[in-house]
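Each chain carries a letter (A, B and C) given by its place in the written order, and its residues are counted from 1.
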Amino acid sequence: MIPVLIGVTFLVFFIISLTPGDPAVMILGNGATEEAISELREEMGFNEPVIIQYGNYMKDLLTGDMGTSYSTGKSVGSEIGQRFPNTFKLTLSAIVLSVMISIPIGVVSATRQYSLFDNIGMIIALIGISMPSFWVGLILIIIFALNLRWLPSGGMDGLKSLILPAFTLAIASTASITRTTRSSMLEVIRQDYIDTAKAKGVSRGVVIRKHALKNALIPAITVIGLEFGVLLGGAVLTETVFSWPGIGRLMVESIQRKDTPMVLGCIIVFAVAFSLVNLLIDILYSFIDPRIKASYN
Amino acid sequence: MSTKVEINSADKLLKTKKRSQSADVWKRLKRSKTAVLGIILIAMFLGMAIFAPLIVDYEEDALKQNVRERLQEPSVEHIFGTDEFGRDIFARVVYGTRISLFVGLISVSIALSIGGFLGAIAGYYGGKIDNVIMRLLDVILAIPTILLAITIVAALGASMLNLMVAVGISNIPGFARIVRASVMSVKDQEFIEAAKAIGAKDHTIIIKHVLPNAMAPIIVYATLKVATAIMATASLSFIGLGVQPPTPEWGSMLAGGRTYIRDQMYIVLYPGLAIVLTVLSLNLVGDGLRDALDPKLK
Amino acid sequence: MSEHVLKISDLVVQYHTEEGIVEAVNGIDIVLDKGRTLGLVGETGAGKTTTARAIMKLIQSPPGKIIRGSIDLNGTDMINASEKDLEKIRGAQVSMIFQDPMTALNPVITVGDQIAEAILIHQKVSQSKANEKAKEMLELVGIPGNRVNEYPHQFSGGMKQRVVIAIALSCSPHLLIADEPTTALDVTIQAQVLELMKQLKVKFEMAMILITHDLGVVAEVCDEVAIMYAGRLVEYGSLEEIFRTTKHPYTEGLFNSIPNIDNRKAELIPIKGLMSDPYNLPPGCSFCDRCNYVMEICKENQPAKTYFSDTHFVECHLYSDNVNFKLKG
């Protein structure tokens, strides 16, 4: 994981370094003198080749210093530190909501394949993955905030304000995980060992819960990890729509303000969070599948 | 020489097998009502994109700002209403189809050609080459797709071209993986060994034998990815990092209409529906293709 | 008078698919007594597995359908029994071993648990007693008892099949159905597993239906033989009767397809053609396109049963007028 993350930091740093424009000017503003600008350039190392700048950045990063914002002058690290828990709260709520809804529906759909429940469920799921989160957010705001006035239309102010953004984020991942759970279950149900269980006299409910589900969850868990990545991306859009004070919205604002260190910091935090989740999923995997556990011994 | 005759007749057998296979696939595809619906919808959108000038006038309806007509409700004259600049929303939605489909197709083409090339090489040669390529791609995969696209556009500047490049690049690892998996599953089959045994060159084998048989999952994947590319385009344009106004793009139309949702919700309703229907139709077709190409998975 | 363990009458099973109706089983009768082993022989697609699954009422439906007939297992009407009753019977009164040992075991549950599960369902014992019994069963099939907490992937193919047998026999069923239990195994392992099954059959006094396409296996293990073709039993008799006084041209063809080690120069005589399309069975005898003795009547009429003894019958027009007709051999 570590080499990949280092690669990520380099990749992102490199991409961002392609941004046109003079960073010294961005910091000091247009009114600055030629002298001040070139002085700042020397001081901040903007004249060095990209590799060296990267090296300096990484050195600082290891001590937790992500640089200072071009626009506010404050520490990038502290700003991100403040906002990150908000994004975490939002995405965690969304993924928990997703998993709670999608796995039961996926299982029932698979065991009642071709039934009305299954057909309607799958159509809804398909529509679910086809709706852009920002549009869903806007529609939900129109219905629940502006017309019914049950919930706030934005900001982070107590549990009520979490509901709409969490639901918005959750819709696409719920749809996706439901579909995966269903197809995974369908494949498992066709396996010979399910026949063996039935031939032993195991009741239908136990066959589904004990024999099928555990096997079906294995690939489903991978998808949950990937969905988390999609959720992180989605958080950027949802936070914008709901004015949620998280790092997604911070990133968008920083891009508009051309605040490069902040953008860089946000992306790195996103990438690290994503990698950590995938690592957790891998560990979970090895607990559930004894074949993987064995290969670690 | 007798070997040549054998190869030719084996070749013919392969070709007839492929032809009857495609006929089978088409037959199965037609059976799925949802897939057929998807095909009809996407054909409709394609039609809208291609014949846009015949339906509405670009300059007059989609671009010209007409302050007196702003924010009008849907009516016979403007079936989707008008936006904050007095432009006809229907016209803008129709022209938006061109942008979405164009960007979607081009970015997937970029991803398919570069990713496919890398994946084919990694899958065919295996070993160190495979390792190096996959590790490099792992780095790209560690960043969620949309965020990567946002970063690239943020760095290069917001424009339609950069948007296509960004979405294309962020999809490269996905295509590399699927092509690699496909190639790996085909290359170990016996007819490849046979081709090698008669001395066929590597690139011939890959292009003539491996790829045609590996096509099926790749086609399904590509279809579904055009859907996500269209979604990504709208998303990026929504936050101002994509197609720039006044070019009509569904996502940026939603961004522009955001302030007016209280009283003029139609501004966000119709462009949004356009996104949903286009993406949905591609998902329906992709799903249908997947089921038609491998019926036992149903 | 020995009791019947299994009595099947006029069983007809079909699969209703999108591509048409598959006539898998077309009216078969089987009577099996306690302790006897019946070999159900036929090529792939003859309907043997469908028959086996029908007995366990494990046919996937849709698309499978039992159109008519009766299956009596130890007094229970299997076709009309409730799912709850069937769950009590499966694994306890009748057990089934499926074809491929590699995929027959659940990869995420230990072999011990998989054996104990059967015991816990059908017998009122504690978990620890069940675990003990599971260990005993493993020893019985020749696997060290201390491997009881291992997972299926840690066993070879032959050992997996032994585990499957252990599971099937854990509750001492009256009838064991073995669907090609040794086909997927190496020849040497085949012999071991068959030997094991023979011993256990005697020990548990079980009746057994052994599905196979291998006449050698039949000769080793079976008391009675039923030859199945296109969903019908074309010949049925004791082992002696079938092997020494073969009556049906198909059975003769099966024997002729086996290489003769005493006469290396003798030609292998394969049965020409392929089995008829199950979506479209001919009105007459299904074997007529491939039969060396075919007559006009064969193409139009389904032959009736001709009995040569209490236990030996054949469905073939050759014998309807002349019971003493002799095949060329």
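The rule is simple: a contact is a pair of C-beta atoms (placed from the backbone, for glycine too) under 8 Å apart; a residue touches a chain by one contact, two chains touch by 3 or more.
Computed from a predicted structure; not experimentally measured.
The busiest chain interface, judged by C-beta pairs in contact, is A-B.
Using the mean of the Cα atoms as each chain's centre, the chain most removed from subunit A is C.
Centre-to-centre, using mean CA coordinates, subunit B is 51 Å away from subunit C.
Measuring from the averaged C-alpha position of subunit A to that of subunit B gives a distance of 22 Å. Listed in rising order, the residues of subunit A touching subunit B in the complex are 3-5, 7-8, 11-12, 15-20, 123, 126-127, 129-135, 138-139, 141-142, 146, 183, 186-187, 229-230, 232-234, 236-237, 240-241, 251-252, 255-256, 263, 267, 270-271, 274-275. Interface residues of subunit A, counted against subunit C in their complex, comprise 191-193, 195-204, 210-211, 214-215, 288-291, 294.
Looking at the complex, you find that subunit C touches subunit A at residues 56, 58, 83, 86-92, 95-96, 98-100, 103-109, 114, 117-118, 121-122, 151, 153-154, 164, 167-168.
Residue ranges of subunit B in contact with subunit A, taken from their complex: 34, 135-136, 138-140, 142-147, 150-152, 154-157, 227, 231, 234-235, 238-241, 251, 254, 258, 261-262, 265, 268-269, 272, 275-277, 279-280, 283-284, 287, 297-298.
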